[in-house]
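What follows is a pair of complexes built around chain A, which joins chain B in one and chain C in the other.
On to the complex of A and B.
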């Protein structure tokens, strides 16, 4: 494009203005990139949840237990495929700040229900054989640098060991992975029976029940059957798809989707008005020059294109810098918060989306001055200037 | 159309309408410009000199009448056709130079060549030649803000001739310059006319400037008149 030099010179003729508008766009895309990555991380649990998996909680709230007998009752309901259960342990390693997501689970059925988890058969066998054994998720093992055979003392912030203290000595018998890198493996599981026998209160209750249905189409029917089955009993249940539960859980933190939309929308709207205004003024200042170009024989559509190119160039300049900065920020945060927010990444999907918005921003902020220039009449422009 | 003529205006009228008022600038104006002429146009302010230049330069269109250029009519061309026609045939020189402030002299001179198919190298050669012609070869990299009025006008002349147009239209090219600089510019136009065969039409208020031209026409109230203000039956050149 022979006119590119001209476009470039027009864009850079006022350095301070270029810097300020660029900076505004930079901020908008920094916010967009970081916030969208954050949203993606929060939503990945929802996206990754299986379609036919249901969770059964105590109706009062999800921290209240359910009687162990419910597990078999759920198993007998029509349409149910596999059933397992889990208890929250509330673990930490060495110091309370170092939280370890630990659950006491039914060892055999857990991996039937969570089919996406992969564990070496030999490791699984030795875990099943060792009551004090624990299977550690790959990410968690990596974060703490745990190897198979390691003896790890895990303390509970909720339960006490019947031998005194709050610490359980567990042995890493295996490391499980997942068949999709998006699936979080930042937790570990140990034996339900061992947990119940060694904690001071004893009892036979489970934290929650997880099951798969034979077909996602049966989800609603099965959920209804379960809840009706336990209606008016000592512990009423609330059964929901895993997806719905994860989503509801996230929404407890606040309606994140809406907040994020609001923040991004406001940032973009402000920048749109600011940059759009600046572009209009910048081009208006050039009325005389545009009239000269037209007189020399530059066609109106060509000048129209030049101005749109300029506004897009500005948008991509600020936008790419902004998304680049967002990438660095997200990478930094993901290292810091690997524990709480796995899957915090600024991936190619966000980048593509951002590129689309850059183009859109460029076109919208350029369209008014470009049309003004297109319509500019040589004679009246000279008469004015 | 007479082969000797580069331009012919046949019964050209130009009216401006503003709201309910209509001002008539030209009414059935006839005019011929011979190839190779250096024509000066003088006349009081508001007499229609700039309007005439705009009509000849294809920047404005007549309300009625015909404008012939080199054997074809330009008054019926579309806006985009006119733009192309201007790029191919006309060099413009303005009173206030009208250079792009963010481009250096060479880049300013190159502008009309961006409308051609010439390669970057050919464009560069032409720019160099044009700048040499106006005696500014050593100022190619200078920005407009770093140059004097006379130098700016010489850059503008280089820009006007770089694509080798047949006709140069100059609206008060020395109106902003002192006597000595004005004479330099006028000598340059004369050179372009004599040595390079450019047909030139120059609007000026300055009788001394008009002396450089081969002919002078006086315009008053939309009519060509004899010097002194008497209406001319027919303008003979």
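On to the complex of A and C.
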């Protein structure tokens, strides 16, 4: 305990320096926490994809449709468990800038394929019974403050209603959640049949097909079978795992993300180097005092421990405050930007990573002066001073 | 001795003795360099993207898409509607008739060089009047596509960022085969991130019948968009809205505007952290020299000259850091090719642009850091009574 008092006194002897050092560490970890959470949010689609889920798109591009007949053809392929399909509606609420991710889906099978989505059975039954009903994801419902029973006019930036205009009046029949907070629920789904019957162009096509395989080991075989089945037909397909598709989609945002995160992490480490430099200097100033302690009979390992404790304490003091502030900032941002950015959370993995860096910072900045102190020869130290 | 000559003497002494304090000086330089480099990286990116989007849009081109569709990709315009639009007031014409260009916009997949994965590229269906309307259009290799054939020309941006679009190559989208017969430039703007082919051929291959997606019309000098708006409202057969092409691209480019804001926020917060580090360094550095500074004052140098000497030292270090940071950012980022998803869901290829005014912004920031981190330590060093300074342990 006495040692701890000495450590405390050493740490607080120059209040201004303590404050400045802590502040720099604080900033470094604040940025680290916030930016890592942001990066995690961008990548969550990849991490959250199911292992045995495949997506089938038109080979030209995922914005091109597939004939409806493909759905049943895919169902008959060996190794396929459940099959469903979806169409992009291009929805918005009241104003075009207020985009609502809306898909027209096969109502029965959609929730078989997306098993992680949870709907109250009663809500699901009433949705199935109402052609103009819509199931809204929890996050989307929260952002727009929609309740079950609300009648919401959703417009399309692509399709026209056959009765004129571009707006569909839909009724919220239920709200679905997910069994993991990282899974995005910022979208809504309504009936494919109703959509096809009410839009002015008509037709018989789906946007894309989603299926699950009986076993992830069959993925490659099934994907190959599907693409071969439709080779040289009017619409060739491109089948991929959901994970690969999401990853490719994120890569479309491109090296920009890579550059930003690269730059920010470089800066994070530089701030740590700067702070480390001052911390090392601060201990070096005290060579004389360490010699005095040794003369008084403090053993070398004890002094070694004291110096390491001091540097780690400093690093954790600034670091924990910083990561704490990052947590608050992320909480605030995820409320503010719920519309644009799903899944913005500072999870335990980021916290662990940050704790690791704090420990590393404390050890690296402490180890040089601590070793010097360990080796310090009392006589030469006094002679120097 | 005047204050000025005294100050000069102190500045000279401080600057020349910098190598003696090499670690502390380096820390200060590094702090300024990093902040400047981070700021400039973000600004150069935002600037490059902005330039690409903005130079594409022309103020004297009217741009028509279906009301509420927000982007070319979602819109439809029938052939009849195109004919009606070409009769709108104030549209310029040349020898081939009114300068009206109905266009198609289809998304196809290309393989990105940087990641080896598929990414969205726009394939634009265009007619001769559309080419005539784009004044900065020029072919840099090969020739124009022949109307009615499956030939296409590729933008220079596509050539830089995507594989397999070299002159003479055959490209496949689904089961359709195309031949690259030319490479075009439009002066570095967003159209260079596109593939262009004959609109009629695309209508056939993509089951579009005789419909298009957007219409561009060249305006006569002095013609106003308002009279065209009136014209559109009066005719119930038209469900299009009109804006200038420049306005359209400005909204399409907004997404990366947030990026610049994000960059400024991050680099200001980071600047605070680096400032704390720099202040620390200067305080330590000045405290180390408390005796020297006290000696100067004891032998007759004024407080002001000692103060200025220390302040200038910090600013010189920060300036060196700022210049290093700017040079590093210039070497790493200027002209760097990048591509990202633009407003209409397709890849926009652009280059980072680190212009002189951005570099100046970086240097200013470095000087501010230098000033603040020199001011307070210098103030403290020169306000301590000389006798006390001599007693403190150096």
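In this text, the second predicted complex is superposed on the first by the 370 of 385 C-alpha atoms of A that agree within 3 Å, B and C clash if a C-alpha of one lies under 4 Å from a C-alpha of the other, contacts with A are read in each partner's own complex, and residues count from 1 in each chain.
Quick note on the criterion: a contact is a pair of C-beta atoms (placed from the backbone, for glycine too) under 8 Å apart; a residue touches a chain by one contact, two chains touch by 3 or more.
These numbers were taken from a predicted model, which means no experiment stands behind them.
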item	value
Chain C versus chain B on the shared chain A, clash or fit after superposition	fit
Partner chain(s) touched by A:90 [first = chain B, second = chain C, both, neither]	second
Which of chain B and chain C A:6 touches, first, second, both or neither	first
Angular separation of chain B and chain C about chain A, which is computed from CA centres of the superposed model and rounded to the nearest 10 °	90
Partner chain in contact with A:289 - chain B first, chain C second, else both or neither	first
Chain touching more of chain A, residue-wise (chain B, chain C)	C
Contacts of A:298 with chain B and chain C, given as first, second, both or neither	first
Touching partner for A:311 - first (chain B), second (chain C), both, neither	neither
Partner chain in contact with A:378 - chain B first, chain C second, else both or neither	first
Partner chain(s) touched by A:39 [first = chain B, second = chain C, both, neither]	neither
Chain B versus chain C - smallest C-alpha distance in the overlay, whole Å	8
Residues of chain A at both interfaces, chain B in one complex, chain C in the other	none
Residue ranges of chain A touching chain C (in the complex, touch as defined)	16-17, 20-21, 23-24, 26-28, 30-31, 35, 58-61, 63-64, 90, 92, 96-97, 155, 157-158, 166, 232, 235-236, 247-248, 251-256, 259-260, 263-264, 266-267, 270-271, 273-275, 277-278, 281-282
In the complex, chain B residues that touch chain A	54, 57, 59-60, 79-80, 83-88, 92, 94, 98, 100-103, 107, 111-112, 114-115, 159
Contact footprint of chain B on chain A as seen in their complex	2-3, 5-6, 9-10, 12-13, 288-289, 292-301, 378-379
Chain A-facing residues of chain C, complex	23-24, 27, 30-31, 34-35, 37-38, 41-42, 45, 68-71, 73-74, 106-109, 112, 114-115, 117-120, 173-176, 206, 259, 263, 266, 269-270, 272-274, 276-281, 283-284, 333, 336, 338-341, 345, 347
